[in-house]
């Protein structure tokens, strides 16, 4: 599955730009991990443990954006041409990615307070919207087959389609869990990131086969 | 409209550098969305709704920078060579882009206060200056035709020229609206971003035609 | 040791993405250098000297990430293909890199307090985990030789393997020193960064030989 | 003056990485422009004017890093190969660039206080160290001619050498002016950035000649 030079040039700038946003968003997350301004002397160790909520939120958002990066890579191995709509849909996706550090910070600060449910619902709401954007982008590309490489096989396309169709549902379910246990809901989000990374048959075969 | 390898190399580093600045500026915007330090327990939901001004400013600036990225892509499909002046004019443009998170934050914090007009005038002032920089950069390239690709057709050039000539005017008008209704002025800025993205005939044809 | 075009394309996006994260993490470090909010008039000079702890932490983390960038470059001159596992292991590595500004800030703020030991142990703990990630990534690539270039010679591979096997140990020892003298421990971390940069025989030969 | 593909690949990753750092450092500068937390209602306009010191510092640092980017581009058009020393010297240069937002903030906050001299001396001290790094990097490359392209002509090399030899001196003089007038010293720094951009004969000829 090799791209022609011309095709490659078309999506290259879009991919590089998106990679930049993924990388920056992932790196900015750390700015939201904060210790209290005043720590009683001799209790730094406790304080470092006490912010485990921040670590969990950091880790979950990092993993989710990281897996999005892998998936972005994957679908733009199949999508070889861009048009105005693809550019716009990709910008919508990036809007979601750049927004993520905000709900992440909201979760980190509120997950043990009375507002934990609200915070985690907001977090999962963001993920749901992002998952919908992925779905729309992908469906647009599939329906406009001239945007896809000619050598792209049906099975790869259907595999991706199936995975993305269910994406929003997963995050709505995860959001539902927040009503019972906010922490469990975030842990499910973390597991979802791992889940979206693992069964990547299409991508795997592509990159290891000669 | 294919570039020669030599031409491509000349603008590649400028484009990659500019893309980096676009991506970082877009991602930094989120740092300006902030909840109040102290939220009464149980009112997180209200607080998250209450910062809609921040969301509006975030969205408008994100959309504007995103559309600038698309337009930058577009004109550097026509401009194929760089000289010292192009580099300098491009740096001026980047100066405006990197400055944007500041007026965005000013708008977000003041749009419902007595200072709303001032804030939105400052915001539109920044957009106007940026639009002027675009115009100057583009006119310089058009007047020095050796910087443009030989296969670039007159109609594409004239299309872009017309669009950019009016850019500053649009933002001055949007600024005028701020005197009556600051929020409407920001909404107009958001619509302008969408407007600058949509009628992109030149770019569209280029990327979809073989 | 030249790559084929196909091989090059496979690792290019991974390398560009990682470079982005290295660059952003290095640049964000400066945000942690902060003067006290209130400085008595006429004492700015003293205040600038007084934050030497921040400079030391900034310098050490900068040097360590910088040398990681060089090493990343180095091993991806040998690794020419990617698979799902390499992508995931690389993301784990990036997780460590993006996390670093946090322990750096913890060290900067606490290195002269009662909590200095805790802070520096936390700092070295992070370095140890990162060093383990490097080791795992490298070992995975070595055991799956189809990921390496065919012209990669055994000596280069063994040289890198030896260096990485000891990495975590060095940082555990540096952590141990923190129990006696936290400042010395950070200085050792700085020297370790220089040490990891200098004996780079493999890389050096590659890039200077024709 | 065309590079061979092999040569190009060698410096490409170094240039992309450095461009990333330039772009991020330039974009982070805006985070240091801050209005006072509490602004009396109706005085936003005054507050926006009052931070002109921040604008001046922002503009000067932006221009200086922007011109460094142009110069970096320029010398790596002449330097075509890298070795361990070039990588290390380039990292030192990047250390200076990533550090710049800190002295910029110090200047912005203190330029009208009793501490203005100290702040501007610190600022110019940073520029001087960066200028020395440029000189060392360039001299190393000139002395190791196998790192330069074979078709690089003596005049280009000597032109760059002359310009860089005087760099540190200019900034020491600008620092001296700070003893009399801190604001003038910053204005001189801004003019120096413009000066370093303008007489770029070497680069100019390269990029406009076919």
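We just call them A, B, C and D in the order they show up, numbering each chain from 1.
Quick note on the criterion: a residue touches a chain if its C-beta (ideal position, glycine included) is under 8 Å from a C-beta of that chain, and two chains touch if they have at least 3 such contacts.
Here the structure is a predicted model, which means the values were calculated and not measured.
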Quick check for the class: compute each chain's Cα centroid; which one is farthest from the centroid of chain D? A
What whole-number Å value describes the gap between the mean CA coordinates of chain B and chain C? 36
Let me have the rounded angstrom distance from the C-alpha centre of chain C over to the C-alpha centre of chain D, please. 25
What residues in chain D touch two or more of the other chains? 16, 20, 24, 28, 31
Dump the list of chain pairs that touch, please. A-B, A-C, B-D, C-D
How about chain D: which of its residues touch chain B in the complex? 2, 15-16, 19-20, 22-24, 26-31, 33, 35, 39, 41-45, 48, 58-59, 62-63, 66, 69-70, 73, 197-198, 200, 203-204, 207-208
Please give the residue numbers of chain D that touch chain C in the complex, ascending. 6, 9-10, 13, 16-17, 20-21, 24-25, 28, 31, 81-84, 87-88, 91, 94-95, 98-102, 106, 110, 113-115, 118-119, 122, 146
